[in-house]
Amino acid sequence: MMQEIPLTHILFVSTALFFIGMYGLFTRRNLITMLMSIELMLNSVNINFVAFNKYLFPDNLDGLFFTLFIITIAAAEAAVAIAIIINLYRSHQSIDVEDATEMKY
Amino acid sequence: MSNYFYILWIPLLPLATFVLLGLFGRKYLSGISGLIGTASLFTSTILSFIAAKQYFFVDGKVNGVFQKIVALKYTWLEFSPNVAIDIGMIVDPISVMMLVVVTSVSLMVHIFSLGYMKGEERFATYYAFLSLFTFSMLGLILSSNIFQVYMFWELVGVSSFLLISYYFNKPSAVAASKKAFIVTRFADLGFLIGILILGYYGGTMDIGLLIERFTSVSSAQYISITGASFLGASMLTWGLTLIFMGGAGKSAMFPLHIWLPDAMEGPTPVSALIHAATMVVAGVYLVARMFPVFSMDEIALNIVTYVGAASALFAAVIACTQTDIKRVLAYSTMSQIGYMMFALGISKNGGEQGLGYMASMFHLFTHAFFKSLLFLGAGAVIHKIHSNEMKDMGGLRKLMPITHIAFLIACLAIAGIPPFAGFFSKEEILTAAFHENKIIYCIALFTAALTSFYMFRLYFNIFWSMEASITAQDHNNHNLAANGNNSQDNHDHGEGTWTMKLPLIILATCAVGVGFIPFSQLVTADGKALATHIDWVFSIAPVVLSVLAILLAASFYKNQNDKSNKVATAFGGFYTAAYKKFYVDEVYLFITKKIIFPFIGQPIAWADKNIVDGFMQLLATTTAKIASLMKGLQSGKVQNYALYFFGGVVAISILLMYIWK
Amino acid sequence: MNYTILLHLRQELLLAALIFLLLFIKLGKDRSNESILNFINLALLVNLVAGFCCHETGELFNGMFNTNTIIVFEKNLLNLAVLLISMQSYAWLKTNNNVIEFYLLTLTSLLGMFFMISSGNLLMFYLGLEMSTIPLAAAANFDLTKRKSSEAAMKLILSSAFSSAILLLGISFLYGTTGTLSFSIITAHLNGNPLQLFAFILLVTGFAFKISAVPFHLWTADVYEGSPVAVTSFLSVISKAAVLFTLVNILYKVFTPLASSWYLILMVLTAATILIGNLFALRQDNFKRFLAFSSIAQVGFILIGISSSSQAGMASLIYFVLIYIFSNLAAFGVVSVVSALTGKENISDFKGFYKTNPMLSWVLTIALFSLAGVPPTAGFFGKLFLLMAGAAKGNYGIIIFAALNMVISFYYYLSVVKAIFMDENSTPIEKMTVPVVSKIAMYICVVGVIVTGLVSMVYDYIHSISFGL
Amino acid sequence: MNLTLLILIPLLTAVLILLAKGLQQIRVIGLTGAVVQLGLAGMLLNSFLAERAAGNKATYLFESDQTWFKALNIHYHIGIDGIALSMILLTSVIVVAGILVSWTMEKLSKEYFFLLVLLSMGAYGFFISLDLFTLFFFLEVAVIPKFLLIGIWGSGDKTKSAMKLALMLMAGSALVMVGLFGIYYNTQSFDIVQITQHGIPVGVQKFFFPFAFLGFGVFAALFPFHTWVPDGHASAPTAASMFLAGISMKLGGYGCLRIVTLMPDAAHTYSWIIILLATIAIIYGAFATMMQTDLKYINAYSSISHCGFVILGIGMLNKTSINGAVIQMVSHGLMTALFFAAIGMIYSRTHTRLVAQLGGLLKAMPFISTVFVIAGLCSLGLPGFSGFVAEMTVFVGSWQNPNGAYRLATVLSGASIVVTAVYILRATGRAIMGPISTEHAVLSDATWNEKLAAILLIAGILIIGLAPFLINHLIMPSTDTIMLQLGKVVVGK
């Protein structure tokens, strides 16, 4: 009977995940990759919710439900985003974020 | 005490004339405007004579003392319950005397101008301005409130400005008028502050009250004003000195005299009226009006005395060297006013020592007549010759006999030769000076000699020196170069119209006659009659001196010779200095053009453009600069946006956690 | 079952019904744009009127959705704004062949906002927020062929996704520390421990992003510039308003225990927002970009009002939003007409505008004056009341700061007026014939700008229904 | 007597102007409106004096008080005292004159007259307000028309000047706003009457007085916030300059006066600063004027100097000086309007305002030149004109202040009248007198409308100058109440 993992570990993982995602968002040029890094961040949040729900407030399921909704919405977001990226590719012939900097200052 | 209210009409008639001519003169009444002006002034002259008769010989005197009668008093502008400007009329010996002087001289000038200014384009305007001046001068005389004096003071100033610049397309005239106004304005600043001082401590602006309060040593006001002091001098001294400064400005006392000679740019009758007989003596009148207060303060009186004496001498010296006849007359005016001033200065308030006061007034009176006569005579001459320069004149006695006689009488009068008017008044002054202050007496005596010298220099230069024939042909050349004062008048006239001769004759008779008026019975400091007698022994000295001076002048200038030049060269530097009016004008010019303009005016103007306004501009430009510096924030790269976003989060968290602690 | 649910949800249901109707129209045989547009505008008008019919307080789904007088009023404001926008974009949509899609997107987003405003629960709030954001991202890309449009859409979707990630992190921590998602319960559990505070900050930044407060504003200008004018005005007025309403609700109702700390946050945001907004607005030439930054500055003033945490504060906020709808939409209306008919969107193009189009010029000028806060336009009152509310806190430093910034804002508003009236231009925008519908919309805006201020009962009503801390 | 008419009639006029067609209709409507206003002001004066004669001792007459924003305790509270009334009279006269001189305004005449009327409405509203909020409201209403008037119809570097003017005035009103907030949150009211009754805590006064006073000071061209004046006046079209100098600078002075009354303690604390600034403005303005070469700049800078007297009078905080300040406001309004009118007439004929290029105009256009000279003489404080009365009252008043430094200030400002003489005479001597150039010799004299405008203004100047007791009786009671306010403190100290 192994003793269970403390909450802090999980939080640590999720936080790490979040910042990895953020790092990706800041550094990657490819729009798709940037979108994926955002998904990472969202997922880290999901982990948070689940963990909190499981460890601290196991008697109701708010966190889990929230997670479900986040996943759904992330999907919707991704759908729209990808549509936009495709359109961007049409007009710019590239999905490099650096190429889409016409509007500035 | 009977009613003097009708005196109100004396100033009001000229005012009405001014309004009438000013509004409709140019268009409708251009032809008859001269007559209108003269008629209305004639009426006021009659009125003032009536007033004089009534005051001096009917009911002015109550048990041996001439009363101060306030004929009218209306609160015009109330500053605070007891300090106010009242429009009032005060009737007392000097005001009545001045009424007579101003109205009669002004009348003479009006008549003279009918001929002199004939055919001028702005004839109506000229008479409008004359009336305005007469009105303001009369108002000044009658003022019962020191602020009222100041108001009319300014008004005479501006009307003199308007009249000097009558030939407004002559730059020199414009410049002269500006100079006159600004210099007197500067002096008036002192006057104003003086008024403020007296009014503040006296708690009133009414002259009567002021005198009453400041002459009683025990009154609270007197104690407070003498108690308060500034830079070592008591406030009374300051107040009086500043008021005298105003008077000095108007009366062209040294060093505020510089405007008077230039003021001769105006038409000659104007010079006769304003710059010889009436306005320039306003300063003397002011001091006389406030005399009881002046007599309470030794220092102020001394200032009056020495400024007066200095100006008398100074002007006389310069007068000997000038060649422009009007300028000579101007300086002689200044010199004579100096006489009046120091006569006041050495006087006491009443009693035997009050002689100076009476003498000063007397001289003011006589001077008005013979000096205006001189100017009108000069006017007649200039009218003929079209030049002010002595060298263009000579031998005119044949061409214009009446002018010649009148001019001679006037010269004798001013030189103080008995029995002409000048003699009596000057004697009184000298007597007073002799009793009070020997130094002044010597200066006065010397000045008297100088006076008769330069007057006869003038006289001989105009009417003798060259022969008539030469002048005639000489004068024709000058017709060719005639300056455009009155371009369209015919050159073959003799002495001009009767309207120009008549005033000369009348004034000449006055110059002879007025000396015999028993002035000491009428006009004295304290209103009591003053027993004076002409001491023939005493008057030997001045008369002899004058005669000698006249003979000297005769020998120099009766017929052409170069004695005068010899003497001039003998004097050398001093002569040129005097000829250059001792460089006072240059000093003024230096101060204004070389100091005030470049070192105060321009720096301020520059600072306003570049510092004050520049600062506002700077704010704008810096804002714009900052804005353009920050534009990099909006890089257009969505990743940077996210980065800044996160940065913001971190920053706020740190800030808040920090403050939270 | 009882019908209160219908009553409480009636605005949302109406909207949903309208959306479905549009879907069916889309599926049905195609009609002329004019008829469709007229129908839609009519429907929106009905929707607006119906909103006013009756308001009552109540809650549904055990507190997830609640409604009361003020919330209904806020929703009505949004309805009004949508109606105006749709009327103004008539000229643009008439020639567009995806009219219905445009409305589908915008109305859906509006529906999301309704839910967000009424949300009584973090989950509902999040759903509403996303529902209002994602369609807009698509709408921003509505000019499929324009490069700028797609770039704008990309920027919007990415940054909003990022911000929602941050927001979610905050929510998760909040959940972790309080153990609940419903607002009514959270308040009790707020004890202000650091983690909670951090979570709250993250939450607030989510809001700050939507209302484009500095430094979370950077997407605004680009998106506004790139997207079609209709969408821009939708973004700048409606979504901003909705989020502001929600923000003030949450701050005043839920996070009362943290009042002192959110006051500080608001102060920091205000200072930064006003200053940066002004400084950037100074140097813009593209009209939409200019309005973007000016609206950022406006948000700064709004935050001052909110910070007062008093009834007057909330009232002045809603009042200002109302005025802001009128004035900003009047401005956007002119811009949209001009850009639809001539394609010109730069301020420099407006030089000499008055010579050719006096009517539009006056509309634009009045709108700008109202934005600048010049009497007698309503903007004066709006701004003044916001600052007054803020001044109640006694923190005059920020008031003086704002007052001085008002001067800067005057500069750029007036320089637009200067361009319209004073600058010479050899080739001004030629005379245009404005569609009647758009004209009506503009007139409504102008009348609103004039009346809302001078007629005091508007403010007094809002004040009576709003609440403070 | 319903004061709201003073706002409604301009409003009506403006609307009618918008509906009118063609210059002829427009200007007739404008003039009619202005004349009606003038008549109204006259009736107002009449009934005001009647009330006073009937022994109505109330501080403000014809009061009416409606709640405007109930929730914020903002009222539409109007009423006038002698000071406000004299300001209203001034405004009405200047408006008529201004419309007359812009009789032949071809360019965008509709907008032009509309804005003029709007501006006048702002001024009227400002002067009748007894509620600080409405006061502020009308203060700002009057700003934007100026911007447009200068920017559209102006001359020279018009847009820059217009922008500068608008921004500086807006900055001023921003300061005012802060001050008003301070008052509001410490008295829970904007109502001047109530505030004067209850008073404001001293600390609050000390903090907020500078904002409010300096804010209004910007409008009154207080040094160093005067830089909008020269450019603004110089670039503005004639009527706008007249309104600007004649009316809107008075808004500032009036506001300053009200603020001083509201915050007596602070006023006493800061009076030395006020006096310092005012004295600087007077001297500095005078000397700066001396260096100007453009007639409009000359008048603009001299306005700075003259408005300094207003501030000085207010700063001296005694009855006479405040009387003087009020009279100076009216006098300067009329005088400077007249001056600008004359300059405008000259400019419209000679197309130059540079003194050096003018000369001898008295020959070609005697009427205009006479008007110019009269304005000049009034400006240098010649007795018989209003300037003398005003300045002398200020001097006497400020001299009553026994403090030595204040005496010095008085003397220095007194010295400015000499400088004034210098620059006025320089301008007159060069432009009006002297030889005339040939192309100017043929120019025509004033037309009937210009003559009418000039005569109207001159009449005003003369009435005050010759019968100052009239205006004195009008404002004395109000200044008495002001002194009562200021006196409360002195007793307290």
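Should a chain be cited, it is by its letter among A, B, C and D, assigned in written order, with residues numbered from 1 in that chain.
Just so we're on the same page, contacts are C-beta pairs under 8 Å (C-beta built on N, C-alpha and C of every residue); 3 or more make two chains touch, one makes a residue touch a chain.
Quick caveat: nothing in here was measured; it's all calculated off a predicted structure.
Of the two chain pairs examined here, C-D and A-C, the one linked by more C-beta pairs in contact is A-C. Comparing each chain's Cα centroid with the centroid of every protein Cα atom identifies chain D as the most central.
Note: centroid distance subunit C to subunit D, computed from Cα atoms, is 43 Å.
Note: centroid distance subunit A to subunit C, computed from Cα atoms, is 27 Å. Look at where the CA atoms of subunit A average out and do the same for subunit B: the two points lie 98 Å apart.
Between subunit B and subunit D, the centres computed from C-alpha atoms are 37 Å apart. Among the residues of subunit A, those in touch with two or more other chains are 25, 34, 97, 100-105. Multi-chain contact residues of subunit B, defined as those touching 2 or more other chains: 631, 634, 636, 638, 642, 646. Which chains touch which is summed up as A-B, A-C, B-C, B-D, C-D.
The residues of subunit C lying in touch with subunit B in their complex are 154-155, 158-159, 162-163, 166, 192, 194, 197-198, 201-202, 205, 208-209, 214-216, 218-219, 221-222, 261, 264-265, 268, 276, 279-280, 282-283, 408, 411. Note for the complex: subunit B touches subunit D at residues 26, 75-80, 83, 85, 147, 150-152, 154-155, 158, 165, 168-169, 171, 174-175, 177-178, 181-182, 185-186, 189, 192-193, 196, 199-200, 597, 600-602, 604-605, 608, 612-613, 615-616.
Those residues of subunit C lying in contact with subunit D across their complex are 312, 315, 369, 374-376, 380, 384-385, 387-388, 391-392, 394, 396, 399-400, 403-404, 406-407, 410-411, 414-415, 417-418, 421-423, 456, 459-460, 463-464.
Residues 22, 25-27, 34, 97-98, 100-105 of subunit A touch subunit B in their complex.
Considering their complex, residues 122-123, 126-127, 130, 134, 137-138, 141, 144-148, 150-155, 157-158, 161-162, 164-165, 168-169, 171-173, 175-176, 179-181, 221-222, 225-226, 283, 289 of subunit C touch subunit A.
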